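Have a look at these structures, which come just after this line.
Both complexes below contain subunit A, partnered by subunit B and then by subunit C.
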Partner chain A sequence: MSLLLNKISFKPTEEYHLNDISLKFDSGKMYTILGRTLSGKTTLLKTIAGLQTPDSGSINFDDTDFLSIPVWKRNVAMVYQQFINYPHLNVRDNIAFPLKQRKMDENLIESEVKEAMEKVGLIGFESRKIQELSGGQQQRVALARSLAKKAKILLLDEPLVNLDYKLREGLREEFKKLFNVSDESNSILIYASTDPLEAMQLNGNIIVIDEGKILQSGTAKDVFENPATAKVAEITNDPAMNINKCLIQDNSLIMNDSVQIQIPDQLKSIPNGKYLVGIRATDIYLDDQGFAFDVEISEISGSETFLHLRNNNLKCVATIEEVKTYNTNEVVKINFDKSKIYLFEESGELQHSPYQ
Partner chain B sequence: MPRLYTFLKYFFVVLWACFVIAPFLWAISTSFKDFNSVTGGATYIPWLQFEPTLDGWSVLFKPGSQGGINIIGPYFNSIFVTLTASLISIVLGTLAAYALSRYTFKAGIVKNNDITFFFISQRIMPPVVLSIPFFIFLSSLGLLDSLAGLILVYIVLLMPIAVWIMVDFFNRVPREIDETALIDGCNPFQAFFKVVLPNSVPGMLVAGLFCIIFGWIDFFFAFILTFTKVQLLPVKIVALNSSITPWWSLSAAALVSVAPLIIVAFIVERYLSKGNLSGALK
Partner chain C sequence: MNFKHKYVFLLPGLIVLIGILIFPIIFTVRLSLSGWNSFNPGLDFIGLKNYIRLFTDDPRFWQSFFRLSFLAITTVFLQYIIGFALAHMVWKDIKFKRFFRVLFLIPMMTTPVIMTVIWRTFFHESLGPLNDFLSIFGLQPPWLSSPGLAKVSIIVVEVWQWTSFMFLLMLAGLLSLPKEPFLAAAVDGASPFKKFIYVTFPLMAPISIGAIIIRLIEASKIMDTVFVLTSGGPGTSTETSSFFIFIKGLREFQMGYAATASFTYLIIMIISLTVIVKVLTKVLMRE
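Here is the complex of A and B:
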């Protein structure tokens, strides 16, 4: 069984919210839609759920025309970024709601609800009111409700963003387990996220979307190693991959007047010309012999420090593997791992990846 | 500093409470006075400062032939008209508000906000403007001086309030709740009745409270659209006025007429503080 999206477009205003999207989702697999805010992730999920009708294109699920089926008969489940539950019902009734709606047998509902509650760890909270739960627990209820439905398509729209850091980490681990469980039920799992790290950790197929257009789809490893365009490289890395204009001329790679390097061996075959050079923040390191950059901002993130650096018109972000405070306009010397350089055409297409 | 703040807070609360409660106490004591006690200077404490009497109250329940005004009939008329009109206004207003909040309407340049404004604009107009049209309208329907006619007019007056409050309420209820209901297998009607409506009770109570207050205190239309057969409380009370203003029975009448509002306000307030008005729908 598979879900087929064929040339879906949605243009409510002047701008495309979805632009000619064709995708194939196989059951039993997990897909992560990765894109920035307002890139069209939610619209795509809502279109699959049936809450939004596209202007053109078709959706087929298992040979049925999905677009002719109204939302309430599509048998999909969706978890929102906000914690959406039914405030007038207690936890058990919230989870049982879709099953009751389906007029399922009472005893069966009881066991299904229990199973779902066990999966998300809500046993003991059956008769609590939604308002009496913490954010994380509320989201678990929403998740349990969508699991109990045993829907063929499970849509998760950034389900973890509104949780605090620790809860997010914990729930993400549980998510992975849950996904493995739901693999057996052969449902299609579509997870929207803005966080590249989260997408990589979930380790499914990644679909990169921007401005309503699919930029690349493939396995997490593939998207990470061979981003199709400079845009993909920016979206799929956190901090975004540093993309700068460069010139390849006479065996040297020139980024600006002061930052120039001998062309590394693996790039020797590349013809002279203008390119975009991509360097991951993690591939930049402090080096006394390196290039001098001014610190614009330094932010401490866990055990690392993100340095926003500038050398004339050249800007980059470096991840430094230690916690240290840098002053603004302090001069640091950096260098980068020359074997990890990406090259993109000026138009953005990948020209060279270190993993090729 | 916090201590000063607490002191000031309670000081002003007490001040305000006195300001609100004093007229009631005054009216209560006045209602038990007679002519001499009222005109004989400021007195407050019964038995000590003046001899209490039930004359002021008995006038309200005596029939006209014995010099009273008998407010019992008008009292029930007022309750019936106010409650019926409020109930219908809330039902219709809630449905209208939900549609205005969730669906997009467009007819030329007229859009959702314009329709909402149309409802509210009914209350912007001074009531006097409406009096003659209403009179002609009801007389052509043969509904002058009848409960049905009054209910009809009050629905026109009260529904805008209900729509206004409920549109605002629904706008604060996340759309995703409706959407989740749809995804969970409800058709749009089931989503409204099974999910949205049970969560709208606080909003409907507030709307109901306002409808009841505005319906109950209306004098103008009750005065213009009724004559003898059907009379509402505010109109009847005015009949008390004569060459000597009977402060004692006016006070009694004022207390009697404000009592239902106080009761309604207490019930609604208790429910509101229990039911987490909008916090429930975070």
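Here is the complex of A and C:
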């Protein structure tokens, strides 16, 4: 069984929300839709759920025309970014809601609800009102409801984004376990996220979307190692991959007047010309013999420090593996890991990847 | 702290409260214990005679009271159903939404007494347009002179006049509902009908209770419609409590007895509305 999206477009205003999207989702697999805010992730999920009708294109699930089925008859479940529950029902009735719509046997509902509550760790909260729960618990209720439904398609729209850091980490771990469990039920799991790290951790198939268009789809490893375009490389890395214009001439890679590096061996075959050079923030390191850059901003993030650097018109972000405070306009010397350099054509397509 | 100041600041409010609420109630109680009428004006004291007469010897008061209960409950029930339905209709995005919203509010903007005069003309047995139309089918129903039909006429006018108000309250309630539960319900497999039963209706329960109580209090004072449309007739068949009290006090000038009826009516209304609120809360909120 698979879900097929064929040339889906949705253009409510001047701009495309979804632009000619064709995708294939196989059952029993997990997909992460990775894109920035307003890239069309939610619209895509809502279209699959049936809350939104596309202007053109078709959706087929298991050889049936999905678009002709109204939302309440499609066997889908959805968890939203906001914690959406039924405020007039208690926890137990919230989770039982989709099952009651199906007129399931009361005893069966009871056991299904209990199972779902155990999975998300809500036992003991059965008769609580939704307003009496914390944000994390409310999202667990929403999650339990979608699990209890045992839908063929489970849609998760940035379910962790409104939770605090600790809860997010905790729930993400649980997600992995839950997803493994739902593998057995042969359902399709589609998870939308803005966070590249989250997408990599979930380790499913990644679909990169931007401005309503699919830029690349593939395994996490594939998308990470061989981003199809410079845009994908920016979206799938946090901090975004440093993309700068450069010129390749006479065995040197010229980024600007002062930052010029010797072409490493693996790039020797590349013809001279203008390119975009891509370097991950983690592939930049401090080096006394390196190039001088001014610090614009420095941010401490856990055990690392992000440095926003500038050399004339050249800007880049570097991840330094230590916690240290840098002053603004302080001069630091850095170098690039030459073996990890990406090259993109000026139009954005990948020209060279270090993993090729 | 000087406590005298406290009373100075409270005084204006207290004077108003005593003047328009406390004094009239106490005076009504005192009046109900007197035999004040057009022959013996003045606050004499006749003990509980008026109350004994009301409870043992006046079926007309009790008939008017039960008639009022019937009219109030029927009209408010119909107003609630129709008002909710209309509000639900223009709640979603439909064509000419604004036009319909204003249209449904027009009855509320009219003057009830004048509208009732127009309705009386409309219902007139030999001159009214309604019977003129029905005569095509050979019908000439006595809208205002048969006891049963006169009640129907009053219900029609009351429902027409006040459904707008119910519509307004219910629409305001619907518009204030969170959108998210409806999204969830659709994905959770609820058809539009079930969505109404399991989501819209329970979410609207607190607003429904408020609206029904407001209308019940208003409807239990039905007076102008009866006064203009039927004057309590034919006979006493459309007489309501307030109309009965009006007749006794201001037509027959039995002030003492009218006060007795008023005070008894007030106590019964307070008790029954309290019970109704409790019952509605239990039924609608499932608590």
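Simple rule for what comes next: the second predicted complex is superposed on the first by the 356 of 356 C-alpha atoms of A that agree within 3 Å, B and C clash if a C-alpha of one lies under 4 Å from a C-alpha of the other, contacts with A are read in each partner's own complex, and residues count from 1 in each chain.
To be clear about the criterion, contacts are C-beta pairs under 8 Å (C-beta built on N, C-alpha and C of every residue); 3 or more make two chains touch, one makes a residue touch a chain.
Since the structure is predicted, the reported quantities are computational estimates derived from the model, not experimental observations.
For the composite obtained by overlaying on subunit A, subunit B and subunit C cannot both be accommodated without a clash. In the superposed pair of complexes, A:His88 makes contact with subunit B and with subunit C alike. Of the two partner chains placed by superposition, A:Tyr31 touches none, neither subunit B nor subunit C. Touch criterion not met for A:Phe293: it reaches neither subunit B nor subunit C.
Once chain A of one complex is fitted onto chain A of the other, the partner contacts of A:Tyr275 are absent, as it touches neither subunit B nor subunit C. Using the contact criterion defined above for the overlaid structures, shared-chain residue A:Gln101 touches subunit B and also reaches subunit C.
In the superposed model, A:Gln131 makes contact with subunit B only, not with subunit C.
In the superposition on chain A, no contact is made by A:Tyr342 with either subunit B or subunit C. Among the candidate segments 60-68, 132-140 or 222-230, the part of subunit C whose C-alpha atoms clash with subunit B in the superposed model is 222-230. On subunit A, the surface touched by subunit B in one complex and the surface touched by subunit C in the other have residues 49-51, 71-73, 76-78, 80, 82, 84-88, 97-98, 101-102, 142, 145, 149 in common. Chain contact summary for the complex, subunit A toward subunit B: residues 46, 49-51, 70-74, 76-78, 80, 82-88, 97-98, 101-102, 130-131, 142, 145, 149. Considering their complex, residues 178, 180-181, 183-192, 194-195, 198-199, 202-203, 205 of subunit C touch subunit A.
Partner subunit A is touched in their complex by these residues of subunit B: 174, 176-177, 179-187, 190, 195, 198-199, 276, 279-282.
Taken in their complex, subunit A has these residues touching subunit C: 49-51, 71-73, 76-78, 80, 82, 84-89, 97-98, 100-102, 142, 145, 149.
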